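Two complexes come next, and they have one chain in common, chain A, joined by chain B in the first and chain C in the second.
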Partner chain A sequence: MIDIKKKIISSYFKKKRPWHEYFQTLRFSAIKTFKKKVLTTIDEWNIPLLNRDYMFSHKTSIEWKDIQPHLLYPTDSSRLVFVNGVYSARFSQPQDKNISVFSHGLSPEKYVYIIAFYAKLSSSQDGFNAMNTALAQDVAYIHIPDGLRVEHPIQIVYFSSGVDSHYTLLFPRNLVILGKGSYAEIIEKHYTLGSYIPLSNSVTEIYTDAHSHLEYFKIQNDISKSSLIDQTFIYQKFKSKCSISTFSFGGKLVRNNLHIYQRDSKGCSKLNGISILHGEILVDHHTVIEHAYPNGKSHEIYKGIFDDKAKGVFNGKIIVRKEAKKTDAFQRNNNILLSRKTSVKTKPHLEIFADDVRCTHGCTIGQFNEQALFYFRSRGISEKEARAQLMFAFVQEVLEHIPIPKLKKHLYEIISKKMNVYLNFYL
Partner chain B sequence: MKQDLLQKIPESEYKYGFYSQLDSDKFPKGLNEKVIVSLSKKRSEPNWMMQWRLEAFKIWKEMKEPEWSQIKYKKLNYQDISYYSAPKRKTTVNSLDQVDSYLLETFNKLGIPLEEQKYLAGVALDVVIDSISVTTTFKKTLSKKGIIFCSINEAIHKHPELVRKYIGTVVPIRDNFYAALNSAVFSDGSFCYIPDGVHCPMELSTYFRINEGGTGQFERTLVIAGKGAYVSYLEGCTAPRRDENQLHAAVVELISLEDAEIKYSTVQNWFPGDKDGKGGVYNFVTKRGICETRSKISWTQVETGSSITWKYPSCILKGDYSIGEFYSVAITKNFQQADTGTKMIHIGNNTKSTIISKGISSGKSQNSYRGLVKVSKQAENARNFSQCDSLLIGNKCGAHTFPNIEVNNPSARIEHEATTSKIGEDQIFFCNQRGINKEKAIALIVNGFSKEVLNKLPLEFSVEAKKLLEISLEGSVG
Partner chain C sequence: MLNIIDLHVRIKEKNILRGINLKIKKGEIHAIMGPNGSGKSTLSSIIAGKEGYEVTHGSIFFEGKNILKYSPEKRAHLGIFLSFQYPIEIPGVSITNFIRTAINSFRKAKGLEEMTATDMLKKIHQNSTLLGIDKNLLYRSINEGFSGGEKKLTEIFQMAMLEPKLAILDETDSGLDIDALRIVANGIKSLKNRENAILIITHYHRILQDIVPDYVHVLYQGKIVKSGDKKLTMELEKKGYDWIKTH
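Up next, the complex of A and B:
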């Protein structure tokens, strides 16, 4: 484990550094934090992943035909494509001057604005986070100006490809800033082309200014060898609305750390999650919602269906600070276990320091209702289809709120494919 | 109005804060092998017991104080505590007449039904003051049925085979820091054995009191219910008002054999510290029970005292069709901290568990529920229902919920729900309209809030607990 750490640190010093002075200092302090911190963090997360001899990504050739099937909107709408951590101008389609990419070497005059936000939220105390800050190359940067309503969803797609059985480290990074009263929909995806073994260590920072509204979708449906550590930090201002939906369908290890800081009153946060897992996979959702100002709202629903050897973890924390009067927080976690080898751990935690609040949480773990299955069967519906329908019904509560029809359809397709059924309707 | 009432919170005094001038036999402060050997000798214990203690002490020395909990406290100096203190006695007492008159007075102050009252109340009682069991009532009636109810020290002498067989089987020495400490230095406690098929005709009750200053109390309770037996066991505790923090580190082990049922109720009212958070008892207790096939263990607790409560009465549901229950009301005020909950470990098939936890915090107190429901791989058809509700009174207190659920078998059905809220203005308004003043309204609402748990207590305790709730809440209207 120590070896890989050394390797990461030495690779940092080997890298050419044409960066702006600000980023130079930032990265240097991050690598120092990483040197100090990462091992304890790994222990805490219980991730044996770094026990491998990782390489750093290198250039490979990817053609348009390879990536096209993975794009939701191949023609219209803005799109940022990264290949092996490097921005690909060839495949991207920014369409809008507000959506851009910055690498750490660009001129500071242009990015004064970025400096005020970049790496401010992500806690430097965490090893993985520090690793990303020190080594991330290109950053997807989306800035929606005040009052702008972006019509089409913006896609951020990370592709990676490599030679067989090579362990590769990747560092995706996103920075999203929503101006006052703006609206945007963002879809983030990670795909592995070919059959190698990547570990993506991703960090996303989101700032939503007053009255803005963000709909953010993470689709995690990668090949079964890939792993993803995703950390997202959200900073919400007055009356802003932020909805983060995480759909986990594939991979080997998926870790989602979601931190929401409501930093003004009347903020509204929505967290949705669906995990439908099959095979040897661990999906670990850790969410923290911190209410620090009055009249905040949060609504969290995570649903999981676990089959085969899939393992699920849900660790949801709601913190209500003393000043956060009239907070209304809701949290729910429902799980269905389908196989004898699955296991689920759930920790819905509440920490409340204010008295005039309403906080509820609930969680359930169980199986399909046998009576409901029998009802289907007695009406001549095959067991497979009956199960699929019940599964759809189970996750429908989350799916029905998706405002992008095309994405909704895409998710239905993924789920039908996973269950190996064809349903000619959308619930 | 609100302000006045808030100020009144600390004024509801701790009514058991007196100190009785009893001659006591007390060890000098400090803990080492010598102390343990002389403690063991003092109790004229057999050699195996002494060895067991010494082993525990060896393990304890290597262990570190746990720090994972949410509670904040000044660490204790374990060398600054006297590990043995007992009211001085000349001879063994056979009847209450021979008991020190000061002692009896203490009992009267506490309102414990001892002599005449004991017949009326129909409760068999074992009283532990400081570290020593002073009296056990109703022994004869019980022994007719074959029930053994005595101090653990007596049990070590008279029934060594039973004690040796069961002690440390549910809470092993290594279990945690405080359990190891208790295993090394426990001086007395209660022992109860119900033979196969016997339905214990009365409630068994233990009463604990810390009297001396500078001491800790380390009692050990062992309850064994034989096949098809039934017992209801009650436990109460108080301590004098002191500026220092006293440690209470008890271990309770319950063993429920096939088809047996144990009902264990606690009304915990150790000195909670004064209004500035000074003094009070640290209540660091390990309680656990093991259920064999078709047996049942039910924990009921009312926690109103102690400056810090840190305990998780647990059930290991080992046998098929076994049932574990946990009902708890925890009330904290001033600077009290309570971190309590339960662990339900489902191992057998078709096991069931129910958790109902009610937390009420006021003043500057912190109240946490921390629990674990674990369904192991081989446990088919496990069923659990958990409900944790918290009520907040005033805006300086905190209520936290930390449920942990681990399921490794797909046939399990687990439900958990929790709510946190303050007392509704509309509820109080409703009472006010009907001529019930604010304070009474709060008492009414809190009583209703915790009714589900209070109803599980044996009748005589239920009355006491309701009163205790009212005293605790006196003036705590927000």
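Up next, the complex of A and C:
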């Protein structure tokens, strides 16, 4: 454990220093926090994965044909592609000057603008976040100007690829700023192409200004060796709407920390999650929604289906500060366990300091409804198909609200494949 | 069509059916009546293939095949249909899609191609019109928020779509008011023909005034203790089940 810590710190000192003073100071203080905190965080989060001999990102050669199947909109929408942590201009298609990457090549004006946002939300107190801030290099930067409605979904795709089976550490980082009254849809995906065994330590910061609306989708369907630690922080202004949907289907260890700060009144936050897991995966959802102003809304539904030895955690925290009167918060987590060796821990956690609020929560862990299964079979539907349909029906509540038909279709395909059935229609 | 011979069934250690003999020919309507706990629902479940029962003796033949080892879906494909006493709510699956999957499963079992969308819609339209079902209901999730009458009527709609040879109606009349009962009973009658058969399971003689049975059987303590024609229902109505118990 100590060795990898040293290795990370020494890699920091080998890195090219950013020319802007702000980022130099930021990174330096982050590596100090990392040094102090990483062991505590690993312990608290129960992340056993750092105990490996990790390499840092290496150059690799992948072709368009390798990545093309993993893109939803190969031609007509904006996309940022990263390969082993490095921005790939060749595969990307920003299409718009507002969608860019900042590393070293950003104009001084943009740098000054970004300083007001970058690393302001992510709490500097945990080891993984500090590690990302210290070592992230190419940052996906999406800034939607006031009033602009982006027509097609923007994709951010992180590939890792290599021929040897090395443990690799990656530091994806996203900064999303939505101007007043703007609208955007973003799809984020991480995918391993070669035989690398990556651990992606990802941080995303999102700002939604007044009356803006963001639909953000995370697709976690990586191969069974890959791990992902995702921390996403969202800062919402007046009447802004932000919906974050997390679809977890694969990987080895996936941790999603989602932190929403409603920082003005009438904000609306939606959190959706579907986990359909088998094998030895662990998916850990930790969500925090902080209502600090009046008339805020939040709506959270997480659904999970677990098979084999898959494990799940749902920890949903809702904080209603004293000033947040008339808050309307809803939270639900439903789980189905298909095998004896799976396990799920679910924990709603509400802290309410305001009067006159409505907060509801509920969680269930259960098995397949045998009566429903018999109902299907008595109508001539095979057991396998009945199970698949019931599983679809179980997650349908989350799927039906996806506003992007292509993405919806893509998710149906992933789920059908996972269940090994062919469905010729959408439920 | 259906021939049950000396059927003994138990759940865990409890004997539920203790030697049932029942023969149903095509074109016939049979009614099984009996007090609570006499084994009526067990009998209908076991014909449809529900798991969790232990058959200790006897057999069930359907069109000459002993179906006791068959899966519920295989029995359905042979032409057995069960209208559930308590149709289950299934959020997220619309009746239309459910019935479409069911029909195509039947066709697949027969080695036929899937039914085209146009033919399917036509068939849905015909049957929902025949039964007077509100079409909006068919696009809603199965039984979710349905009234008692709507639930039973959609069961009959499924029966109309699947065209079974033998329909078992397990307490289809229970929980319905007089108007709802009349609608459901008329629906069932309109589906009856000389080729199919119906087995009605009920507590009450009311539904049997609308759908007149050829044979009536009284089930008591897991046995058919009395069989007769429709006059038996009147006798039961007058004298109550105590009359059977003391016999």
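Note that in this section the second predicted complex is superposed on the first by the 419 of 427 C-alpha atoms of A that agree within 3 Å, B and C clash if a C-alpha of one lies under 4 Å from a C-alpha of the other, contacts with A are read in each partner's own complex, and residues count from 1 in each chain.
By definition in this document, contacts are C-beta pairs under 8 Å (C-beta built on N, C-alpha and C of every residue); 3 or more make two chains touch, one makes a residue touch a chain.
Keep in mind that this is a model prediction, so the values were computed, not measured.
*Asks:* Return fit or clash for chain B versus chain C, each positioned on chain A through the superposition.
*Replies:* fit
*Asks:* Mind working out whether A:396 is in touch with chain B, chain C, both or neither, as first, second, both or neither?
*Replies:* second
*Asks:* Rounded to the nearest 10 degrees, how wide is the angle at the Cα centre of chain A between the Cα centres of chain B and chain C?
*Replies:* Rounded to the nearest ten degrees, it is 70.
*Asks:* In this superposition, which partner touches a larger number of chain A residues, chain B or chain C?
*Replies:* B
*Asks:* Touching A:355 in the superposition: chain B (first), chain C (second), both, neither?
*Replies:* In the superposition, A:355 contacts chain B only.
*Asks:* For A:382 in the superposed arrangement: first (chain B), second (chain C), both or neither?
*Replies:* After superposition on chain A, A:382 lies in contact with chain C alone.
*Asks:* Does chain B (first) or chain C (second) touch A:371, or do both, or does neither?
*Replies:* Once the two structures are laid over each other on A, A:371 reaches chain C alone.
*Asks:* Thinking of the overlay built on chain A, is A:414 touched by chain B (first), by chain C (second), by both, or by neither?
*Replies:* After superposing on A, A:414 lies clear of both chain B and chain C.
*Asks:* Give me, in Å and rounded to a whole number, the least C-alpha distance separating chain B from chain C in the superposition.
*Replies:* 15
*Asks:* I'd like to check the shared interface: which positions of chain A are touched by both chain B and chain C across the two complexes?
*Replies:* none
*Asks:* Hey, which residues of chain B end up touching chain A in the complex?
*Replies:* Spelled out, the residues of chain B in touch with chain A are 377, 390, 392-422, 478.
*Asks:* In the complex formed with chain C, which residues of chain A make contact?
*Replies:* For chain A paired with chain C, touching residues are 369, 371-372, 374-383, 385, 389-390, 392-397, 424-425, 427.
*Asks:* Residues of chain C touching chain A in their complex?
*Replies:* Contact set of chain C toward chain A: 48-51, 71-73, 75-77, 81-82, 84, 87-88, 90-94, 97-102, 105-106, 109, 114, 141, 158, 162.
*Asks:* Which of the residues in chain A come into contact with chain B in the complex?
*Replies:* So the residues of chain A touching chain B come out as 322, 335, 337-340, 342-367.
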